[in-house]
Amino acid sequence: MLHVAYLMPLFPLAGFLVLVAAGRRIGDPVAGWIGTLAVAAAFVVACLTLGGLLNQPDAHRLFVHDYFTWFHVGGLNVPVGILVDPLSVTMVMFITGVSMVIHLYSIAYMKGDPDYPKFFIYMNLFVFSMLVLVLANNLLLTFVGWEGVGVCSYWLVSFWFHRDSAASAGKKAFIYNRIGDAGFLLAIFLIFEKTGTVQYTGGPGGGIFGQLHHLGGGTGTAAVLLLFLAATGKSAQIPLFNWLPDAMEGPTPVSALIHAATMVTAGVYLLCRMNHLLALTHAGMEVIAIIGGVTAFVAATIACAQQDIKKVLAFSTISQIGYMILAVGSGAYVAAIFLMVSHAFFKGLLFLGAGSAIHGLDNEQDLKRMGALRKTMQWTTITFTVGWLAIAGIPPLAGFWSKGDVLDNVYSHYKVLWFLGLITAVLTAYYMTRLQVLAFGGEPRWDKIGPHGEPPLHAPHESPWVMRLPLVILAVAAFFGGLLDLPWIHHDSFEGWLGPVFAGSLYNDHLHAGGEWALALTDLAAALIGVIVGFALWRGAQVDKPQLEPQFLQRVWYWDDFYDALIGRPSQKLATFCAWVVDVRIIDGAVNGMASVVRATGSATRKLQSGYVRNYALGIAVGMAALIVFLLSRTWWS
Amino acid sequence: MIGALLAASAPTVSSAADRIPIPSIRYLSIMPPIIMIGGAVLLLGLASLVSRPLRVRVSTIGSVIISGSALGVAIWQWTDVQSHGAHTYIAHAVVMDGFSVLVTMLIAIAMLLTALVADGYLTREGISGAEFHVLALVSAAGAMLMGLANDLIIIFLGLEILSIALYVLTAFNHRRAASGEAALKYFILGGFSSAIFVYGIALTYGATGSTNLTQIADYLSKNVVLTNGLLLAGLALMLVGFAFKVAAVPFHMWTPDVYEGAPTPVTGFMAAVAKAGAFAALLRVLFSSLGVITSDWQPIVYALAVLSLVLGAVVALRQRDVKRMLAYSSINHAGFILLGVEAGTSRGVSASLYYLFAYMFMTIGSFAIVTVLGREGDSDHDLTRYRGLAQRQPLLALCFAVLLLAQAGVPFTTGLWAKLEVVLATVSAGAVPLGVIAMVSAAVAAFFYLRVAVLMYASKPEVTGETGESGDEGARPPACPDPGAQIGWATPQAASGTVTTLNAELLLAGEEAAPSGEAEPTVVRVPALTGVSIGLCVAATVVFGIIPAPLVDFANRATLLFLGH
Amino acid sequence: MSLSAGWYLGLAALVFSIGAIGLLVRRNVLIMFMCIELMLNAANLTFVTFARVLNDIGGQAIVFFVLVVAAAEVVVGLGIVVTNFRRRSTTVADDLHSLKG
Amino acid sequence: MTHSVPFLTLLILLPAAGALGLALLGFDRRFNKELADALGILVSLATLVIAVVALVTMKEHFGGYQLVSNHTYTGEALGVRWFLGVDGISIFLVLLTVVLFPIVLLLGQSKTNSRAYAAWMLLLEAAVLGSFLSLDLIVFFLFFELTLVPSYFIIAGWGHERRAYAAVKFFLYTFLGSAFLLVGILALAFIHQSQTHVLTFSLTALEHTHLSSSTEILLFLAFTSAFAIKAPLFPFHTWSPDAYTEAPAGGSVVLSGVLAKLGTYGIIRFDLNLFPHATRTLAPLILTLAVIGIIYGAIVACAQRDMKRLVTYSSLAQIGFIALGTFALSTQGLSGAVLLMLNHGLIVGGLFFVIGFIYERRGTWQTGELRGLQKVAPVMAGVFTVLMMASIGVPGLNGFVSEFLVLVGTFLTHRWWAVVAVIGVIVAAIYLLWAYQQVFHGVPKPEDEKTRDLSWMERVAVAPLIILIVFLGVFPKPVLDRIDPSVNELVAHVEKATGHYQPAVATRGPAAAEGRP
């Protein structure tokens, strides 16, 4: 059944081509349904592949097949082929699943938009690229998917291009991704130079993982760090993370799909895929862990001070991915993947819930103008509450188990980062509770004049069933997500399923049962503290609490201004200097200068021609004298 | 024919003892000059018999026939040389080899083309009479004489016949003040340089004991002359004479004034024929007789070449009068031919000959077009008059563009093959820097050739900055560069300041109509014969450019009888 | 008393340079003609001297060619001067400087 | 290896004859405009057909010169031979030329005096094809310089305000460069003659002249100065902004798309073949210039408010990439450079076409004066997006494959140059996206409203470029398989001559890595 795997990317591609050809004519709802069906078909194929892989014995759950050669120059052979193993199937399952749900949701959400078909064109192309990224059997094909999702995120973020902020947000997202991609390219070159191949496994010499002995020492670390730079670009980690909050300019389903569930996890997937390489360098792993932890903490602090509902969720995503990177950094790949899957569910749920709230309150995103939505939007409130509890880490929901698993593993390696993780867990619970209370609890604020004198909003209304159904599905998934990897059942749990993929490089967290229970309790305590503090502080009618939302945090630790000052303005001045001074004045000036020098000598010698006969005769006489002197002088020497 | 006359009248006097030996004369070797001079005399007489208005047309036809027959004889000579080999005749004073035949052909063709151009010119200027054609034929004969001379004195005679006829031709159009002045300047300086030349011959005669080139060569090769001061002084003075005639810098001062002053057909004739004759003589003197002391005269020719190349190109940039511009461009061409002379090898000779042949077509064609465009009074030569010529007379403009671009050395024209051969010759002789200077000067020269093309193909003068109508349609706001992010010192306007002045200067947008006050240059009628001559020149330049084999082979087989070292 | 050829050559050279300098210095066109004649005759003197030294009749024959050429030049030259004189009634070479640049 | 049918001579003579026919057609009064336009397009399409037939008849896995025709041209005196041949490196440049020119002619119909425009274009096509096909140095030089005349008249005749200055500057700058080239060719031929007593200019013969290192470097500089000006490489590029901006749309396409390739092709064909040692010793210098070109081109492009100048500087950066690939002297680098020449031709051609369409509608190409065109002209925006993405190097479009190969090739032999060049890739995205946002995004102002979308003819004109860009991006294998043999031979030639060998990985891939301990 594994041979059917190559169909997965082809269905969204087919959807994309159909919509490009006939999108405009099909119009509003039908285009959406075609897009959704394409992704659903991919989901079905994913299930078949999962089934096919499950009934393979544990040892060889690996299917690598090349379909055709993309290009073959000298020693560099780049095939187009797929690699199906538990890791890629897990990724494919939640990608197609969540995408299908979000496509369904956006049929209603995007109703009435003039560019309705174009939206689904981009969404299908995105799913295709994501599947190519995950299923590719070589670094270059992964890069194709990698860039593909970057381009689609550019198109989707700047979907409402008539808004300047959306257009420049899309540009910013694409450029930050390109900086990461440059790192990816350099990593590919380095790996090719040392191993002579770009294929993960298979092919002559056993692919990259067969040639690992060439990648030891400095080059190995360099390759890992470059790949990590790519991951920070795509998964929005410390150096390159401030494109994600601006990417919220895009429609909410886009934020849900791309900036919560799938694209941002691509970086984590890449690091997991290259785990054998990571295992070679201890220094590399440390750097990854530190940056992951720090990002999680920083993002969590910023989330506490955001007013826009989507911005809070965006920073929460960055924080959760920080957790995943932290897990990868401490060798707990399975925990990272488990958190990724569960995060996809509850973060998708939260975004869609927020989307439905925004949709209901005629596109108002400011928390300070919401309030008491629970009275009119019951379905959204219930599902949102499940999402809130899950992410806060309240048992028995998915968040508790996955975050707990990550923190357990981190505890056994980096005590400091574990403590930082714990603080972040508290912050997470706090800001999610703040959001829940501001949006759904307390008194209605949408009927008053807005902070900048906007007119009062109409009463919120519940979203249609097409939007509510996805919420329910994701709520159920978020609720039961934890069952995938319960700590005490080992056999067919998540660990068992993914174990063989990370065979060599897994760190086993040798914690005795008692230790695990203790850690579980501390996690629970952190979650409860966060929730209680959140409730206490934000329950009242008074919503403007400047001391709780310091300017420092609202301006994203002045990170944007720092980049602008460090890179933005100086490069602008340099560009203008180069363009108008170096190019026009110096280089072109030299050329024009030479031309005018020639013309100047021309007019100078022209004056010699005085018109008087005697001057001409003098010219001849001087010439004659010169010749005679020259020739006679030869007789003196020779 | 004269010999027969004399022989008939002398039998009474002869006695065995005092018979004066006459050198055996092979008339074929000097037939072309004889035809030219004889024809000229006949033409003079014949023309006086014809009524006044017809005189010009008759003399044109006459001179075409004469130069045609000279050309025919030259071809006959060529077959004779190819079959029986090259020899010296008439007591070694004259030589008939491939070299001299080619020079003769070149001059005959030049004469033919000039006669056609002159016909239109003379009728337009209202000058009747055959004097123009007679004088031209005589000077052409002088040039031929220089080509086939193997004796310094014959060279001197040829030079003088050529020059004196040209002095008169320069003063031909007495209605133009400039013509008289140019003639006077040319006469004084010409006389001065001929005197120097003769003195040079005298010294060389003293040093080597003979004025015959072959004997000089034998003399030099036999005894190694330790202190040949006398010879070198003679050589120096002779080089002055040649350099003057060839218009190499620093002896070029006369060229611009004379070329501008002289009637335009005469300028064309002078540029082609005088240069051809002088270079032929120079090549023969330097290569055949003074081949042994090449190391002495090579640096001089090197210096002359560099100066001519650079000054010719640079000063021409600033010229506003087409004739003066073409004068300086002819100095530049002289520099190129000197490249071939500097090489000192047989390849150098054939390269220079090819260049002369190609240059003849280009220069006579260009001056023919300038003659036509000079309108009544032959004084309308300001560059601004050429603006928009392509719209008014597309074919004439295209011909002029082709000839100018050929002179610049654009591919698939004889101009390029000429430059290529000459540079190959000098590079093969080891003077690579000279080759580089030559090609760089060609690049500089290309500017003023192009400037004329720009003017011809530019549309209305953009004085007011609104764009010409050719090339873009619809309402067009001038798309000036948007200032955008401006830093004090780097405003786009300031930066592109110099550029717009260059642009305006190129299109001479500043000046309005020429001083002759004619508001808008009208369409000019091209006389039939002049059209034929222009057509022949352009055709030769392009056809021999695309198919270079025949002309290149011909120039290559036109070797000197005796190559010194 | 007999003079060596050098003397004659020296004299010829002297006459030649006088002619050359004369042409450079003097303003009047006719005087310039004379200077050219001087230079030509200096050449004749040199020819005759070398003919005598080399005992070769050719040198002396050449003198006649030079004389003929000189005569022709003068005829043509005076003709040109007359046409210019009719126009501008001056024989000073410096007045004729309209062609320049 | 010759072939019965003289394809290559036909390829050159057909457009030349077409140009002559159109020129003469102008002089009889009865000609009508449509007939002239149709004839022009017909001739260029016929050339396209011949080129495709030539491609098909060529053998795929053969590195040497094919379809060779070798006749005497100037007799034995000068030894110049009509020696044409095509191999993996030049066949795709020929195809690029024959694809672009029919489109230019198709769009040239709307020009005033379109008959003369078509005549000059056909002459230019003949000259360019002549340069790509000739293997005799002098014949190459002839065609190389002949390209100047028609492009000069196209810019001067149909250009914009400062066309006179731009045309003359373009002509003289390149003419000066080719002056050094001519002296270099003649000096090389003379040295060859002094060694073998045979005066010939054919590349295959001159390859074997052994030169002292100093002469070889001097000759290398003479050749490369002409090609660097034509390309244009970094310090010699200041004529290109004027020439491309002031030229009419069709002129800019041909100038940047095809004529620029003459420079880089000349470097690959003549510099590497004739002067391997000098190439090896001067490689770091040229690589540095190339990298500066990449970064400098990208930076200056960021400051441009004029779309044509922006595309000019972006093509300066792309040419820097080609030079980078060439002087990396590795199999991947050189194949990438050859492929990038083809891809860049298509991309920059397309970009200038679209800018030309915008100019026809709005009379300006200043980003400041255009706003929100995506809403008003979605198809044009779509085409521009594909071209932009290809230029940035997004995988799936043709820019990526060639850029990747160039960077990999350079990384293997000259690591740190490749690292800096990758930065250029990032900056490339910045200015293109910025320009796209300025022109296509945002709310259209009233005068933007009336900008009509692409007419059917414009779509037909741009369609082949888009199709080729996507096809070459998804499936470049057939093209690379034809480029590879010739590139391998050339790299082997340079390596054998200089003794320096590229890392084994570049040629044997994983097998090589296996060998090492």
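A, B, C and D label the chains in the order they appear, each numbered from 1.
The working rule: a contact is a pair of C-beta atoms (placed from the backbone, for glycine too) under 8 Å apart; a residue touches a chain by one contact, two chains touch by 3 or more.
The structure displayed is predicted, hence computed values, not measured ones.
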| item | value |
| --- | --- |
| Result of counting contacting C-beta pairs for B-C and A-C, higher pair | B-C |
| Chain nearest the global centroid, as defined over all protein CA atoms shown | D |
| Between subunit C and subunit A, distance of the C-alpha-averaged centres to the nearest whole Å | 97 |
| Distance from subunit C to subunit B - Cα centre to Cα centre, in angstrom | 27 |
| Whole-Å separation of chain centres (CA-atom averages), subunit C against subunit D | 65 |
| Centre-to-centre distance between subunit B and subunit A (centres being mean Cα positions), rounded to whole Å | 76 |
| Multi-partner residues of subunit D (at least 2 other chains) | 172, 303 |
| Sequence positions of subunit B contacting 2 or more other chains | 184-185, 188, 192, 196, 256-257, 319, 485, 499, 502 |
| Where subunit C touches two or more other chains at once, by residue number | 20, 23, 32, 93, 96, 98-101 |
| Interchain contacts (touch definition) - all pairs | A-B, A-C, A-D, B-C, B-D |
| Residues of subunit A that touch subunit C when the two form their complex | 606-607, 609-614, 617-618, 621 |
| Contacting residues of subunit C [partner subunit A, same complex] | 20, 23-25, 27, 32, 93-94, 96-101 |
| Of all residues in subunit D, those that touch subunit B in their complex | 26-27, 72-78, 80, 110-113, 138, 141-143, 145-146, 148-149, 152-153, 156-165, 167-168, 171-172, 175-176, 179-180, 182-183, 186-187, 189-190, 193, 242, 248, 303, 305-306, 360, 363-369 |
| Subunit B to subunit D touching residues, read off their complex | 350, 394-395, 405, 408, 410-412, 416-417, 419-421, 423-424, 427-428, 432, 435-436, 439-440, 442-443, 446-447, 450-451, 453-454, 457-458, 462, 465, 467, 469-479, 481-482, 484-485, 499-500, 502-503, 506-507, 548-549, 552-553, 555-556 |
| Of subunit A, residues touching subunit B in the complex | 572-573, 576-577, 579-581, 584-585, 588-589, 592, 595, 598-599, 601-603, 605-606, 608-609, 611, 613, 615-617, 619-620, 622-624, 626-628, 630-632, 634-635 |
